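Dropping the structure in here first, questions after.
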Amino acid sequence: MSTALDSSAVEVAPALEAVGVSKHFDGVFALNGAQLSVQPGEIHALLGENGAGKSTLIKVVTGLYAPDEGQIRRNGETVAFANVRAAHGAGVVALYQELSIVPTVSVAENILLGAETPSRGGVVSWGRLNKRAGEQLARLNQRIPLKKLAGELSPVQQTMVAVARALATDARVLILDEPTAALTDTEITDLFTVLRRLRDEGVAIVYVSHRLEEVFELCDRLTVMRNGETIVTRTIAETNIDEVISTMVGRPHGLMYPARDTATSEVVIEVDGLTGSRVQDVSFRAHAGEVLGVGGLAGSGRSELLRLLAGAQKQTSGDITVAGNTLRHAGGVGRALEAGIALVPEERRSQGVILGDSIQDNIAVANIPTVSRAGWVNNRAIARIARSALSDLQIKARGPRQAVGQLSGGNQQKVVLAKMLSRKPKVLLMDEPTRGIDVGTKAEIYRLIRRLAASGTTVIAVSSELPELIGMSDRILIMHQGRISGEVQAADADEEILLSYAYGRTA
Amino acid sequence: MAQTEAPPVVAPATPSDRTSFTALLWQGGTLLALVVLVILFGALQPDAFLSFGNVRNILAQIAILAIIASAQTVVMVVGDFDLSVGVTATLAGATAAALMIDGWSIPLAIVAALVVGTLVGVVNGILVAYMNLSAFVATLATLTSVGGLAFIVTDGTTLFGMPESFEVIGQGRPLGLPLPIFFAVIVCVVVWLVLKFTTIGRRWYAVGGSAEVARLSGVNVRLARFLAFTVAGFVSAIGGIILVSRLASASATSANNYMLLAVAAVFLGMTVLRSGAANVGGTLVGVGIIGVMSNGLNIVGVSAYFQQVFTGLIIIAAVTLSALKSRSH
Amino acid sequence: MRRRFATVVGLGVASALVLSACSDSGGDGGGGGGDDTFRVAAFTAGYGTPVGKSTLDAFVERGEELGWDVTLYTSDFDYDKINTDMQSAITQGVDAILAGYPDPRQIQPMVAAAQEADIPIFSIDGGVEPNEDFVVDVTTDQDQIAELSVGALGEAMGGLEGKDVMVIGHDPHVGISTRSRLAVEMLEEGGATIAGGEIRQVLAPGTSQEEALKFVTDYLQANPEGLDGVWVGWDHAAVGAAQAIEEAGRDDIFVTGVDAVGIALAEIEKNGPFVATVVQDWPAVLDEVMGYMETFADSGELPEENFVETEVTLVDRNNVADVEPTDA
């Protein structure tokens, strides 16, 4: 469009625009005529379930993939980025949580990584390097020691360093993919302050997140994708969370959480004075058919509690009794599994599944002792377990031999679940059961948890999302600095009570 | 809000078939290389290269490499690396030779040599699995020390004069086939069975896929890695003993070259599986490529210097192909 | 706790390695040494070869008997290490240097340092031609080695005219490289054809037996009628060639080697394809060098000639019983 001669010259060309972009892999469309238009000086949310095409679209606009069809425009001009470097050159930078910094070099070097290193005759001029890096941090109003190794920083500081680096290379379009996943609430507030400041300087920000509350707090407009297509673009004022969810799912936002009616009074697991790294003298009981939620701020010891219970971390004192057997965790995860405790870990991709292996092989890993006799594995038994897991958990895959890395996040999570459920645990521990999973699959996971409880399993689930904690649990323990700071029946809980416990204000 | 119905996201071509076909082509790349080499040399020297005698000859020449490469496969399945398989084979062979020359009985000398090889594996396993040294550093250290031990055992000279019945192991020809071929088949089949059908094999693959996932799934990761190195030491020793019998002599460096060839064979073999994991079948394809190339180039009359260059180029080509394969997905 | 334990053990292993490396290169030399002691730094990059080891060990032993302060530096064909070690030895001050089987092309840094410090270098088998880097280089006569071995091979084959002979060499080794080329010349002059058209090169001396075994096996596959003899530049590879011929069931192809190591002598005694080798009299060479060094230690006089070639002897079935293996 030739806006230059337009009478309404107020309208600026979009900082970044994707027009009718299509991309397919092996005949399957990942993007099908997707649209995105981001103005300078706005924070624009890009939303959709996993597999909706958000990541592919980002990879196309940052030069990682070439589109099969359609155009990318920067300030109204059509561009074709040959690679990520070319996109950087044009001021388009994407930040990914896990790849954004080099942990083993200093903060200052990280910030100037993409830019030209100040040097004299090939020798790095540290004075100028630190000065220029400092200027970028000052722009973000951040005080981070420049000479510290980036790997020693907190997650939010690392994100800030990554943002500073993008700005150092003169980024005018900043794409953030789930930037708050590892951050605490105060850190999120800090990040938002910085992002708003950048917006006011005229930077265009694309914000990808599953956390809709944050989107509505931070963003100006949003675009919802589904099945590789752009469904709608709206200003925040024009819409609401329920509407966004039903657009993402493609159907009205139904009841997410199934009814709580399965808890019994039979004690399955009894924990007495459990102490280990970050966990101090924790005692509780949980019952057959009960879903016990565990909440608390990041670093409160909630994940460590699960890892201690699962034998993944050494306990220094205390007793864990499962169905009458007291466990000593010198034997590690294997012993805990035998006793009937199974863990679905927090980091799915690095702790839960072997991405390159098939569904069947992944499920087999936890089942080696149960499907073998005298050291020989019954491969047919494994295949049988895998096939029934596919149908029981409705895992969307071509078959048990498909590589797990090719599945969506939700289906990967179901594989982790299948792996652990095939050991028929009495106590299932789940750390962030729905992290990074799309809304549709989330509801399925909640139903599954309840189904397990109905069959007598005790589920102990850690979540950092309070609505989820309240919705899925029967009872909630809140941790603060390694100790249990409060206990609430979920039916009586609200976010306010949980938060006050989480901050250590014991009732 | 707009609620347009999405058109089918699947393009007309049946995608799964196409995927598997192209994937098959990529995966077959390494096997294809072997076939191409055979056809090429067969065309250049039809009478000499494709004769029964030469096929038997090639099999005999790659038998020991196949055994040592199986040892390396086990370690690489776990995601580690053993630089010491060659010197371990050398040391085991030299030990057997020295003991026999000192008058030990053949079976006792062989058992002692197997124990020596296994011990090297145990040391590697302890350093890597329990001391948390990187496999590269740990096995580089044992490579150096064990290499020195081989000089001590042989006193720097070439040991010879083992009993003639010992030479049967490397030089016997039941059914007209050299005995090392039978040993190689047995070792490869056993390693394959162990990797594919036993609990320890499953655990090795799981640890190689992701040590953390394996640990959180109840696998004793340290024990699995320790055993992998131990087995590698034992299997390497078998290769070393057969080599000494085959040559009727033991020098301080006789099997050292096998380490790099074994690593090359396993790398070639890793390109055969989509998951990129080490596997016995692929390793044998890699061993075959190395063996056919060496034999074929000798027959055609190309210098050993060029053979080295070509081996390197084939590795680059195979690994590049498999990298392209994973990028296209 | 575990980390500390691992560190301690790691350090232990590392220091053990360092110690073994030191003892490997340190030799028996005494420390210090007063002004009146004659101090010699000896080196060889061929300590991994039987002849290199036995000759240099004998030198150290005899030098110490004479009351010299001898330090031996060794490596496994790593001249970088040798140059570094020798340069520091020169800096610390020595009266003379003994070069054991040096590759004259690879010791220039040490030669320069020695010349600067005015330290004479005596050499055993330091090449095939006179070399100003050494005050004396006593070696064996490569021309005679080639002549004797080619002669023996010709005799076994019944003349050279019209015969196909494979030549196996190893160019990185100066001596082998020289005699292989001389052998090719002599073979061609006698009317023989070089099988494959050129010298077959073995990659590593340590694995040469197996390499030569494969060369000959593969060549016979392609050219069963195209081989009458194999001339090999050193015994280990010659043993491999002989094994290949035996395995192919042939009794009309003959092999010769050089060095007279034990395993080669055993092959010659067997009446197999291995017909002859050549013994280089290293004890005699050592005697000669010791003589020059003693004169220098006593009177400071340097030898007049700087290149001495000693006689070599053919070993075949007639005299094999009387010959001592050079690697015993």
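Letters A, B and C name the chains as they come in the text, with residue numbers starting at 1 for each one.
Following the convention adopted for this analysis, contacts are C-beta pairs under 8 Å (C-beta built on N, C-alpha and C of every residue); 3 or more make two chains touch, one makes a residue touch a chain.
To keep track of the chains, here are their UniProt names: A = Sugar ABC transporter ATP-binding protein; B = ABC transporter permease; C = Sugar ABC transporter substrate-binding protein.
Because the structure is a prediction, the values reported are computed rather than measured.
A.B. asks: What pattern do the touching chains form: line, ring, star, complete or other?
C.D. replies: line
A.B. asks: Average the C-alpha coordinates of each chain, average all protein C-alpha coordinates together, and give the chain whose average is closest to the overall one.
C.D. replies: B
A.B. asks: Roughly how many whole angstrom separate the Cα centroids of chain A and chain B?
C.D. replies: That pair's centroid distance is 40 Å.
A.B. asks: In angstrom, rounded to a whole number, how far apart do the mean CA points of chain A and chain C lie?
C.D. replies: 66
A.B. asks: Taking each chain's centre as the mean of its CA atoms, how far is chain B from chain C in angstrom?
C.D. replies: Distance between chain centres: 33 Å.
A.B. asks: Can you list the chain B residues in contact with two or more other chains?
C.D. replies: Counting only residues that touch two or more other chains, chain B contributes none.
A.B. asks: Going by the touch rule set out above, which residues of chain A reach two or more other chains?
C.D. replies: Within chain A, no residue contacts more than one other chain.
A.B. asks: Once bound in the complex, which stretches of chain B touch chain C?
C.D. replies: 45, 48-49, 51, 53-54, 57, 61, 127, 131-133, 141, 144-145, 148, 151, 155-158, 160-161, 171, 243, 247-249, 251-257, 294-295, 298-301, 303-305, 308
A.B. asks: What part of chain C is in contact with chain B in the complex they form?
C.D. replies: 3, 6, 9-10, 13-14, 16-17, 20-21, 24, 47-50, 53, 196-198, 200-204, 206-207, 209-211, 213-215, 217-219, 221-223, 236, 239-240, 243, 247, 261-263, 266, 327-328
A.B. asks: Would you pull the chain B residues touching chain A in the complex into a rising list?
C.D. replies: By the definition above, chain B touches chain A via 1-4, 6-7, 9-16, 18-19, 22, 196-203, 205-206, 209-210, 212-220, 274-277, 329.
A.B. asks: Give every residue of chain A touching chain B within the complex, in rising order.
C.D. replies: Going through chain A, the ones touching chain B are 24-29, 32, 226-229, 231-232, 234, 239, 243, 246-247, 250, 310, 312, 332-334, 336-337, 343, 345, 350-358, 361-362, 364-366, 368-369, 372, 375-377, 379, 398, 403, 419.
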